[in-house]
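Letters A, B, C, D, E and F mark the chains as written, and numbering starts fresh at 1 in each.
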Amino acid sequence: MRVDGRTNDQLRPITIERGWSKQAEGSALISFGNTRVLCTASFTNGVPRWMSGKGKGWVTAEYSMLPRSTNSRMDRESVKGKIGGRTHEISRLIGRSLRAVVDMKALGENTLVLDCDVLQADGGTRTAAITGAYVALADALEWGRAKKFISAKAQPLIDSVSAVSVGIIGGVPMLDLAYTEDVRADTDMNVVVTGRGLFVEVQGTAEAAPFDRTELNSLLDLALSGAVSLTGFQKSALAEAAPASVQGR
Amino acid sequence: MRVDGRTNDQLRPITIERGWSKQAEGSALISFGNTRVLCTASFTNGVPRWMSGKGKGWVTAEYSMLPRSTNSRMDRESVKGKIGGRTHEISRLIGRSLRAVVDMKALGENTLVLDCDVLQADGGTRTAAITGAYVALADALEWGRAKKFISAKAQPLIDSVSAVSVGIIGGVPMLDLAYTEDVRADTDMNVVVTGRGLFVEVQGTAEAAPFDRTELNSLLDLALSGAVSLTGFQKSALAEAAPASVQGR
Amino acid sequence: MRVDGRTNDQLRPITIERGWSKQAEGSALISFGNTRVLCTASFTNGVPRWMSGKGKGWVTAEYSMLPRSTNSRMDRESVKGKIGGRTHEISRLIGRSLRAVVDMKALGENTLVLDCDVLQADGGTRTAAITGAYVALADALEWGRAKKFISAKAQPLIDSVSAVSVGIIGGVPMLDLAYTEDVRADTDMNVVVTGRGLFVEVQGTAEAAPFDRTELNSLLDLALSGAVSLTGFQKSALAEAAPASVQGR
Amino acid sequence: MRVDGRTNDQLRPITIERGWSKQAEGSALISFGNTRVLCTASFTNGVPRWMSGKGKGWVTAEYSMLPRSTNSRMDRESVKGKIGGRTHEISRLIGRSLRAVVDMKALGENTLVLDCDVLQADGGTRTAAITGAYVALADALEWGRAKKFISAKAQPLIDSVSAVSVGIIGGVPMLDLAYTEDVRADTDMNVVVTGRGLFVEVQGTAEAAPFDRTELNSLLDLALSGAVSLTGFQKSALAEAAPASVQGR
Amino acid sequence: MRVDGRTNDQLRPITIERGWSKQAEGSALISFGNTRVLCTASFTNGVPRWMSGKGKGWVTAEYSMLPRSTNSRMDRESVKGKIGGRTHEISRLIGRSLRAVVDMKALGENTLVLDCDVLQADGGTRTAAITGAYVALADALEWGRAKKFISAKAQPLIDSVSAVSVGIIGGVPMLDLAYTEDVRADTDMNVVVTGRGLFVEVQGTAEAAPFDRTELNSLLDLALSGAVSLTGFQKSALAEAAPASVQGR
Amino acid sequence: MRVDGRTNDQLRPITIERGWSKQAEGSALISFGNTRVLCTASFTNGVPRWMSGKGKGWVTAEYSMLPRSTNSRMDRESVKGKIGGRTHEISRLIGRSLRAVVDMKALGENTLVLDCDVLQADGGTRTAAITGAYVALADALEWGRAKKFISAKAQPLIDSVSAVSVGIIGGVPMLDLAYTEDVRADTDMNVVVTGRGLFVEVQGTAEAAPFDRTELNSLLDLALSGAVSLTGFQKSALAEAAPASVQGR
């Protein structure tokens, strides 16, 4: 039994507050247990100069943690004057994950910036960020359609995407690691999966102990099952009526 | 009548969610209408090296806005690699305001860092930050007392503190300006007031039109009346039972 | 009696060396006692791209202290690679103060940059900077008029502006604090006043002890009387023949 | 047939010039075809202050590309004043990969810094860097043993480690992608494997097209076969007599 | 005849206002014609940690230009967030030049920082800075002796040092170039010479046209003659009674 | 006799591997004994915006040291976030030296960037860099001619250029100092000379002991003789058939 009473293949309680922000074209406050990430999607008509004239859009992401999202306070990267390696790495991962489900031609010359700010951290912040950012993205695309920046027939979303962590702790594969589990894991893997069950990213790391093919396979099985559940949560959230900020403004 | 139906001397709806963060020693999610600021207080036993051995504590603050807290997305200061003048100025203001109500000798060699992160901005973010940070600070001091870092008899809090904006719009003094009011104001003033009604900061600025003594006085009257209400909201929030994270952890 | 023999409502000796710089379109080396600030005004025909086409001008300011302007040497901000909060705050204050007396339409699409470099510091550097910058600004506007960048009929200067510090020391309100007074003050206020006696900025701060309405009023009285004298010094300086660098070049 | 005549499961020509640097405790100039990376290992007795007293060592890595290692010149990160996300990500990957085969207790309180500087880039720079860094690391450990910083009995190296890229191009899995192949790949995966055939890192990315379990498996098969060959090249290089700089100095 | 009526071997008018700063242990406002540089010397008892315990002192320098010291305004290096190559180069030159005439053993564990801030620039700012910094240095050493940080018998100054620019313009060697001459020079040389006539630095640069041995010799002749005059100005300045700030404070 | 058996007027073994890089338009890996510098020349058709329309080209250079090119590892400037004074100074020196032998009109609106990266350092890195960069530059100009960016008749190279260090050690002038000699030198001089024997730069520095005219002359004699040999090595290298990357690509 795990520290919070879950079974090894069980996600933490997942909640998605869609449209949390009144300012953004799309937004979601997502929780994976005590991990809480505010995801906003900013829609801009037009693309950066180096991309213009190609009839294609652009999707990018930035990840950050509030200084006291963690158990002991971290210095702000803005105060330090530079962004750390981990922040860079996760921002890039989120961006790639979302681009994998967007048809840039169908998006047209529009730009989407996903901001994922961790308000409270308890493990799995990058996977919660990807899962929540998808919901924000879907709403911002609807906003763009309502505003006629995306044509009526275009289908820029070609699939949904979610992410989950898996790891081996004391020899046992487990799904959706909380922070105290994460630090004890021999192997830690983040898996990004589309709604159709295809892999977008597989990032397995063995700082404590290298892993074999069998362990890899059991982790992938767990991750795919978790992704099915997360896809369900995303669908439920998006099935409700769109927040006012998404419809019109 | 104002855009949101308020009278000129009326605050926006104020809410304070005390103990919003499970990680911080004290915290409050405060709303002044659509302005929402997450304030956390981080308590550390000990002081920076340059202060140690004097038997006195230290209180400091950092303010920041999420990139999409505003109507159009701002670049992150961490990405730009430097903190802007406005951020610096408000961080310093919050720090001074809170230090004005803390007895550093009674605090002892302990450090408090107040982080005020604007999740959604609609005018008055610095005044909401000060008002919410006081609640987070009060809880973090209780945590320090529970942990015996502050002696039982010490009274580090010598008063409460809150802040409110006032301004003259079309010749009429108004309390607690929303963003659309703020941009139209001839004169804008931020006033920081203690629970006993004394001034901590008076910052009046006239970019559009210089103001005379009579106008200054009417603005100060409004601010003092607003501060009385804000003090009431703070008292109500702190009258409830302390969140679990404050009591023990 | 004060440390330098002044009465409580007396300014330090004020001198203004107009046209100190041969390079700048306007300049003044101003002294408030031992505080010496070199103020230069740089006039450029045209405005930053984001402002062009609106028929309006722009005025901005930068403040800095030489590393050994103070009693013990400070590190250079250029060497540290970032500008501190205090520098930012004062630069912004100077800019706002001067913009308050300039009619941007009458200025036309021209830019003025005021540089205020503290050569020697003994309290009141920001108030000396504002008072001196006004003289430099007035001369640079005349230069712009001589060069036909400003039309003959335009009156970009709508008032003069000066600034002075006031504070309460040992319960007594005092005018124009020297450094040793400043560090002992319970309350410190910087007041920016136009030649007509209207307020542009009122910035009162109580780090040591909050202040009441009566104290605030006595400080404002002192500041207004000081501003009358400073306006006189500015007028005298500008009444002399313009320096060669301002007339033609 | 591939552009350079290789079969799909064939590595490019691999060369390892061990001891290329006269200054470093261990070094290797490694080539994967036209990709050339200079790897140096710097051995320091002692660890960073935050680690000292724990009887454990530390291994870290930094990756960088010379500005003209690529087809068109890139700006230097030192000139830009900040390190990009990709550089951070790869530096961290190299560090983790090498730490996976080092027993930090056996290393004792010693620090190893691996510098991997890409002199010429043609795809697979990070995998060449890991493979070459292992050789430099092995030599630096021997140097540390010769100098008695590592005890005679200690076995800090618990396995060897190498890395290779694999990808799916036009539906076909291929080993060790050159640059022109890399940009055409639908899926790109970097796999870090120990000499015993265990995984240290599996990083699969699908920016162009998500991949399924079957594709993932075929890529892992290819990677494992490539790793066997790379391990052989490492063994051959290390089987020769140690360079003078490693033996004594 | 030169633009300002000088002969080819004539310096511009040189003035040295010793003790210009009331704050610094030594200071000089030096003019080479319209070039005006404020030089301050900051004396600190003790040396940086990496030098302590060796019984030797340290002398370093920083050079900077005010943004409007030049004909058109330059951006501040503090605002740009980095120091340019030219600033670095000149700061290092000044430091080396002064260290050449200081006996670090006789100085003892004391640190001198020379700040040379160009208030007005018209060519030769680095040579004026070195010449003025020597005067500030000499006074700061006297201050250190008066304060007993330097022992009574110690002779830390082993020589004096000054600097002057020379150049070839239209085939003619000239002494102490003003800005308009400097930009027209084929060859430009800065020469740092001790009071005894020995070279400390010879920096000749030929961006427009390489020079031969004969030209080099004629430039060195001119520079040596100029240095004799500058040494005289330094002696005269130092022959007067020391300013109050140097004697006691 | 010198430490490596050379006579005082003897260069270390010089090797030039022309066309070392397959990516750059021109390149050379140059060795002065154990000092090894990789010099690449990047040719771009066009000039920076501020230069365009003048019919002239631009040549610039950047110098850097790999972190473990030296005996003990240095921190990377990219990681520190700023470039040090020494790096700036040498980059500027290399750029000026090469510009002295290029006719910018004949070059036309083309840009050449010389990157000099020190792979192994043993004294004289800047002189090796200049000497090698000339070879890379010459090849890149040929590439530009082959590509018709430079007209057939144009002669952008007006001379060759090389550089060598000289110094006085224990009273004896010596040529081409190795690192252990450099640190013992009383006077150190870097001399940049054209193929015709004219001076481009003369940079003599006396941190340990000022030098007189006789010593200066003997150093210049040594440098000129060394330059003759270096010019010979450059000619030999360029006399061979051009590498494939230079001819066509």
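Just a few scattered comments:
The working rule: a contact is a pair of C-beta atoms (placed from the backbone, for glycine too) under 8 Å apart; a residue touches a chain by one contact, two chains touch by 3 or more.
Predicted model, so just to flag it, every value in this text is computed and none were measured.
Here the C-alpha atoms of subunit D line up with those of subunit E after a rotation of 120°, rounded in steps of 5.
We define each chain's centre as the mean of its Cα atoms; on that basis subunit A and subunit F are separated by 50 Å. Computed from the mean C-alpha positions, the centre of subunit B lies at a distance of 29 Å from the centre of subunit C.
The multi-chain contact residues of subunit F, meaning those touching 2 or more other chains, are 81-83. Ring order, beginning with subunit A and continuing to subunit B: A, B, C, E, F, D. Residues of subunit A touching subunit B in their complex: 21-24, 27, 34, 38, 40, 42, 44, 62, 64, 66-73, 76-79, 81-83, 87, 113, 115, 117, 119-121. For subunit E in complex with subunit F, the residues that touch the partner chain are 82-86, 88-89, 91-92, 96, 99-100, 159, 189, 194, 196-207, 210-213, 216, 220.
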